[in-house]
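Remarks on the structure that follows.
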């Protein structure tokens, strides 16, 4: 750790020796500013500003990642003139920088891939607001990744919720309003539970900063005081964030919200927004309670069971679904289940696998949603499988990308999804009490994944004999779409083939994470 | 003074329960407004004047106005449908 | 059953109406049939659901009881109310009170805390308000052509004199007082209770009262969508920029050039006063914007 | 346990209101009722937080000269400090202030959504809206 002292009196020694350390803060405030200015611009200008901001953000977070790798340690950055229990601070390490970089990339690519649909689905006089919401969503995501203060995390969770609801709602149709209302309701329940958890935690530890809370919690556990409230707080956090990240019994809002919205929104929602909350949960596990405290509580078992239920029941629901986008949305439920199972295994390897799954899913699902949008173009906007027969033949680029995504989700070697399943299996073997169930669930879920993705591929690649009239002629040479899917495919292969490098990165990151 | 606090707190509880029970939207909104106002008084008792002034302006003021305009918009102000026929 | 009869009655009425419009006979009949069948479906459904509804209510009460019981059990373990030795009253609180005036220059420690020590949270908070205003604009704002606007203004002018007399005369007294009080609360945020948010809301409430008493046209002379946008964007961007400055100087240990002034004076406490003013104007605009969007779908 | 609940009466009541609000938000069918429930839930949490900051016999965290804290220049120069024993905890107030803004934003958003939903579906009943939506979807 870099030199950092906390002294109550005004003797603040704090050494910042490098310009790079300012980059996370600059990227957060910069995206705030560009989000605000988007309101003053027209659609085209807002788009340019949004992409400019994402590009700059990508460069800044990449630089931060390289710096962190070089130093091999985390650093703490004061947000203001006062060090942390008094002021705000952000904390940057390898894992955070890695997540921020990949999230920026995913967001840029999914916006690029779905740009045509945004112009089609959103009313022309409201398009600038779409980019405004995206920019502020991005702000809240990176702030959630970097922040080291629970209440700041709460504020940014709320920004995240509000913007996520807004990007669902911006598609001009009746159904999205209903989907937004359900999504908003569930999110509010989640935030309420999260906030009351924070209040009780503040009451018994007296701090809001994650590192100080951890000290307090370790003290309380050592002296054996407040055991029931602590258990309750962990429950509240887990349920609150579980609702927001669509853990199985609380997933009811997800298929509608992800299925009805425009493809870029679905891509960002399932690829990034859900992951933001899960990263916050991992942060809570490591930084607020400490791994051993969480491990001793029963909450991990509950998360484990819910994760396994999500993996199987989400897949079964996806099999029954006759709607392409909703099928992919249910597949998201199943994939979120993998993450929770990894966390629930309660060992380091499981956590590594969960982090890897966050990355793999973030690079795969947006591609699937964007290609689904492209398929819908060939069938006059219908999402039903019966209309989508042979859609992949009409748009070969989308077909290839969808196939890659599907193979990755099923878990075929060489693709990212396989690595996750392999690592989850190893992690499960390290935890004898849960090994049998976890392995069984992995096998069943893989089979179920194959059961719905393979027929979907077969339908999409089937020769279409019927001579339906196509009203909207699909634009096959949509350059942004092709480039974004190309990069997604390459990232998927990189994650699949060079996985050992990423696993090493994540292990390094988790070491300095707590 | 402590008994005043007890009474106010009890009032909050009664408000919360009665909003759940009543079927009339207008009535429940009026109860909500009263609840907000009492909440701001309670915050004065808790020595947080910043919160009291904010809650009085927001909860009993603007939020209630928004609720009432919404009711006007959806035509439930006169309450034709909800009342028992 | 009553409801079925009522809907049948409605249907018959509809048919009678229809006889008067001979031209649309066929179309309308079909429409009415559809409505009737759907209605009956609804009623049947709700009849079936009656048992289910009761079940639902029971579940609701049970769920509420379980949640409340768990949490109350938690509360019984928590530190006592009003005890000075609670864990929450620790060195952080001590530092806020002892060093507050020296560090921030604000006599109101809460204002000093939220606008100087923990300014990042507050930046997020005002952004939440900004986003909410934007979502309401997305949902309810209607772009009107110039002709529509003119027609509406004429319509408004007809009723201009018919606004309630008591309301107008009352507003003449109350609006300036409220406005002045709002400005006072806003500008004294660092000296007394209040601050940007509450002051802004009070000012917004005064604007709302003015609007409902004197009508749309008189408000439009000094406040319209363009001004609303400009105030919001400039206030928030000033906020973000000043925070960027303060974060970067703070983290790099550079002394801030903004003086704290003499504590207790109106113009003191560094950035807190300008930030309060920014937040206040943004909030006033947003609150009035909410009202006018809900009421007339424009600003 | 019951005596503890009576000592913490603010917390107890706020938790009860929280439960009521939570269930109203989750299970009430009317959207406006849902929003009122959400407001109850949030204000209950804020009451809980604010009661955490209260200390018996102390006053609001705004410097008052009548309590003997008169040396303003000294406090600013750092040569003297105000008496901590006079004031309650300012942190919860600040947090609640932030929270109130968040909840009013969500209320406005949800209400606007309710107005739009009513315009499209002519009802405020969430179940009815969903069943109408499903019916329309199946027709297509």
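A few remarks follow.
For clarity, chains are labelled A, B, C and D in written order, and residue numbers in each chain start from 1.
Convention: a contact is a pair of C-beta atoms (placed from the backbone, for glycine too) under 8 Å apart; a residue touches a chain by one contact, two chains touch by 3 or more.
Fair warning: this is a prediction, and the values are worked out from it, not measured in the lab.
Across the assembly, the mean Cα position most removed from that of chain D is the one of A. Between the interfaces C-D and B-D, more contacting C-beta pairs are found at C-D. We define each chain's centre as the mean of its Cα atoms; on that basis chain B and chain D are separated by 13 Å.
Chain A and chain B have Cα centroids lying 38 Å from one another.
With centres set at the average Cα position, the gap from chain A to chain C is 29 Å.
Residue positions 10, 151, 155, 158, 162, 165, 169, 196, 202-203 of chain A are each in touch with at least two other chains.
Among the residues of chain B, those touching two or more other chains are numbered 49-50, 54, 58, 62, 66, 70, 73.
For chain D, the set of residues that touch two or more other chains comprises 9-10, 16, 18, 20-23, 26, 51-54, 58, 60, 62, 78, 91-93, 97-98, 100, 102, 104-106, 108-109, 111, 113-116. Taken together, the chains touch in the following pairs: A-C, A-D, B-C, B-D, C-D. Across the interface of their complex, chain D is touched by residues 10, 151, 155, 158, 162, 165, 169, 174-175, 177-178, 180-182, 184-185, 188-189, 192, 195-196, 199, 202-203, 208 of chain A. Across the interface of their complex, chain B is touched by residues 9-10, 13, 16-17, 20-21, 23-24, 28, 30, 32-33, 35-37, 39-40, 43, 46-47, 50-51, 53-54, 58-60, 62, 88, 92-93, 96-97, 100, 104, 107-108, 111, 114-115, 118, 124 of chain D. Against chain D, the residues of chain B that register as touching in their complex are 6, 9, 12-13, 16-17, 19-20, 25, 28-29, 32, 35-36, 39, 42-43, 46-51, 54-55, 58-59, 62-63, 66-67, 70-71, 73-74, 76. Of all residues in chain C, only 70-71, 73-74, 77-79, 86-92, 94-96, 99, 102-103, 116-121, 123-125, 127-128, 130-132, 134-135, 137-139, 143, 229, 232-233, 236-237, 240-241, 243-244, 246-253, 256 touch chain A in the complex they form.
Taken in their complex, chain D has these residues touching chain C: 1, 4-5, 7-12, 15-16, 18-20, 22-23, 26-27, 51-56, 58, 60-63, 72-73, 75-78, 81-82, 84-85, 87, 89-94, 97-98, 100-102, 104-106, 108-109, 111-113, 115-116, 128, 131.
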